[in-house]
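Across the two complexes that follow, subunit A remains constant while its partner is subunit B and subsequently subunit C.
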Partner chain A sequence: MSSTVTDSIRALLAEHARLGVDVASLSDTDDLYTAGMTSHASVTVMLACEDEWDVEFPQQMLKKSTFASIANIRAALAELEVEGASA
Partner chain B sequence: MRARTHPPRVRTGCDLQRIEDVADAIRTFGDRYLDRVYTPVEQRAGRIGGAASLAARFAAKEAVLKLIGTADGVDLRSVEVDQEAGRPVVRLTDRARDLAEAVGLGPVDVSLSHSGDHAMAVAVAMVAPTTDPHHQHTDQHDDHHTDHHTEHGGTTA
Partner chain C sequence: MLTADVSRVESGVTSTQVWFGPEDRPLWGWVSRPSDGTARGGVVLCPPVGEEGRAAHRTFRRLAEALAGRGLVALRFDYDGTGDSAGLQDEPDRVEAWLASIEAARQHLLDLGVPAEPGVAAVGMRLGATLAGVHAAAGEEPAFSSLVLWDPCVSGRTFLREGEALFGFGENADSAEGLEEGWRHTPGFQYDTATASGLRRVDLGKLPATRPLAERTLLLTRVDRPVAPALSTRMQAEGERLETGAADGQGQLLDVPPELSVVPEAPLRRVVEFVADGFADQAPVPVKAPEERAVVIGSEADGGSPVRERVARSGPARIVGIVDEPLDLAERSAHGPVPWVVLVNVAAEHHIGPGRRWVEWARRWAAQGYRVVRIDQSGVGDSPTPPGQADDRAFAPEWIDDMRHLVTELRADGARVGIVGLCSGSYSALEVAMWEHVDAVFAINPRLTLYPAAKGTAVYTDRRRAAALPVAPIARLARHRRILAGGIWRIYREFALWHAPLLILWRVLRRGTAVEVIACHDDAQHFTEVYALRPLFWWMRRTGRFGFTDDDAIDHSLLSRRAQLLGYERATAFLSRQLPLTSPPRSSNPTARKA
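Presenting the complex of A and B:
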């Protein structure tokens, strides 16, 4: 399953997303922008994901929705064929 | 029945950026961050003005994207903020330019500022008048055109 990837996403968000709330209080589908993530923070989250899984987000995936929730980030990583990201 | 014409309108976008967030991104991701977000021209300005200068440019990019109405699929480097004769100027390329043209955006003026912990930018442009030939004029509420406001506060055409 994808629990390890989800845990890693949560850890990256805690470090880089600068949320206004504890990431542990968010569900996988909660809106991260509503939780305080800025556009700039979404860029650093993207870079942190690229470092963590040695992938590169192509331009067409750089959408606000890609980083709008933990589930969306996991789906994007699955699209990039990150092991364990598929549900 | 007649076509409805939307008159030219002023559109604004603004953005606020924490300078420390930019400094932290530079410390953490270095050139990878700089090369993904800023053009060589902007990076040169950042070497002189530091994180505050880059934070103001990031805010300007976001402000311009709010004018356009979406950032989806837009390379941040396709909104370049340069300086000419002491004033900031915006150059749009690639998808940013295409989207701006699609929504009828005229030349973009931008103003930058920073103080203390934050940098900010305001972008302004005129949106060209548009005609909707499919609209059937049927009532007196025709002028009550409703914009679709993005979460950023910008508008879509």
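Presenting the complex of A and C:
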């Protein structure tokens, strides 16, 4: 488990996801959409992730489930071989 | 018949549809100007691109009219290959063509007599702002005296990535595996690799800081999203030339389906004030009245298979229709009246259709030999709103009369008439077929259970003949619990058969109209799930004049490429069966003829 990548994801969510709750109160597996993230906000999160790690999510990864939880985002980044994203 | 007097005069402002730019690849626009024939300056309005452009149509129309009300000539236009302009939306390497369109618009205002000093102003929204900014900084001297960047995309890449994500996150998610290779898919619109590369090269954050964008620039940004650091840094270089403000209301404008978009009033007023202030010291000078004319326009890439296109108005409400006709219409008419095809606007969206496919379908069908008109019903798009009514009311009662007048006018010379519609447009087609004789209706994803027009809503009328209006308690429940209300209604109509949408299709069929429906499963089941009517459904298909396809390659809003291509293929085949041309169709080979 990489605390650095997870912390960065949490920081990005705090800035971009417009959640209805404090991101610190969410576990890695909590559903972000249930926590108030809209589709448009998740697009902003996606762009922020791309800027942060200089990656581009391929079209097949552009689906709501990829950004549905902190764990899912981290798994997607791991798939893109972002350093520290793999467990 | 359809009338050619297109200009609209309202509150001292005259709005005229114009064609400008390259003669062999004309650009579509509307010029709004003071009715007294003078102006203090000119403004180019650069709309957003793609689905955002559809959503912002009303806002840009309002903006143009408001600027004209302040003594300016405003040109709102469609970039090459977008909206109603010439070209195809998926032609390669679009970005250079879009930038050239902005310069052509600026030049057109100068040609109309707008003073060269202090120069033309520009307002751009989203990618339109990005393009306007890039164009502004492209020359040695700024292209614009004043520039408004209204919620700009920091770069073309951002625009494309947002669109791709929205496409993937939307109702097309399940179809992602079937995406056609070589295209970048956004809701409704697709871009080729060269265009994607071109988009990466437009970046407001990378514009040279030593080159001012304009003498004065207004930057409006959303307060509900962080501003990209690169944009902030670059804009700081404008120094005292820069004003900033909040782009309030962008969520209600762009983050909703286009038919639900709301004009952001406060930012619109701010933009008008800012632009008008830039010309405050200018004395009004006479400007030319734009010329209303027809153009020859290609129906295929590179101007191939040209047709004649013009704007017309229909009925006492003077709704706007864009007419496409074959170049050899007179010759074809010698064999009898050439059939008409009507493409109806969808809900409160203007007449270009999903992914602007109505424009491309209309031109291709005209190239085959049909007369085609794509329309805005009352209160929508470029058509007038009846006095006392609000803009953009989907299912407005006056649509019934709009369609009746239109069909009557088209049939005046004895021509056969077919109508193609999507969702609410399919309803409008079936509705008019219950009043006037219509030869053929091609209905994509028709929804005839009209919750938005139920009793108690602003658009309720008891005149509707092709709608299944939910009973009052279910309509009330639907306002808060739509899914629950829908479930109850569907159970109810298993017994209350007279509410079954299939009966509407049956009645239209009995009136002599050929009907074909293609629908995604969610929409199709409304016609097939009433068990007691299955024998009727079977009988209708046996008539040879009724087709029905339940196909999940179709998405409800026709925003995916494969749904759009499938829709065109099926509709074209339907028209050739039900509205056969009396003389052989012209070749649709793109290289067959050049404009």
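Annotations
We take it that the second predicted complex is superposed on the first by the 86 of 87 C-alpha atoms of A that agree within 3 Å, B and C clash if a C-alpha of one lies under 4 Å from a C-alpha of the other, contacts with A are read in each partner's own complex, and residues count from 1 in each chain.
Going forward, a contact is a pair of C-beta atoms (placed from the backbone, for glycine too) under 8 Å apart; a residue touches a chain by one contact, two chains touch by 3 or more.
Because the structure is predicted, anything quoted here is derived from the model rather than measured.
Using the contact criterion defined above for the overlaid structures, shared-chain residue A:S86 touches neither subunit B nor subunit C, since it reaches no partner.
Contact with both subunit B and subunit C is seen for A:T44 once the two complexes are overlaid on the shared chain.
After overlaying the two complexes on the shared chain, residue contacts for A:K63 are found with subunit B and with subunit C alike. Judged by the touch definition given at the top, the superposed model places A:Y33 against subunit B, while subunit C stays out of reach. Overlap of the subunit B and subunit C interfaces on subunit A comprises residues 16, 18, 38-40, 43-44, 47, 50, 59-60, 62-64. Residues of subunit B touching subunit A in their complex: 15, 17-18, 21-22, 24-25, 28-29, 32-33, 36-37, 58, 62, 71-76, 151. Across the complex, subunit A meets subunit B through its residues 16, 18, 33, 38-41, 43-44, 47, 50-51, 59-60, 62-65.
Within the complex, the subunit C residues that touch subunit A are 158, 161-162, 164-170, 173, 176-177, 179, 185, 224-226, 251, 255. By the touch criterion given at the top, residues 15-16, 18, 38-40, 42-44, 46-47, 50, 56-57, 59-60, 62-64 of subunit A touch subunit C in their complex.
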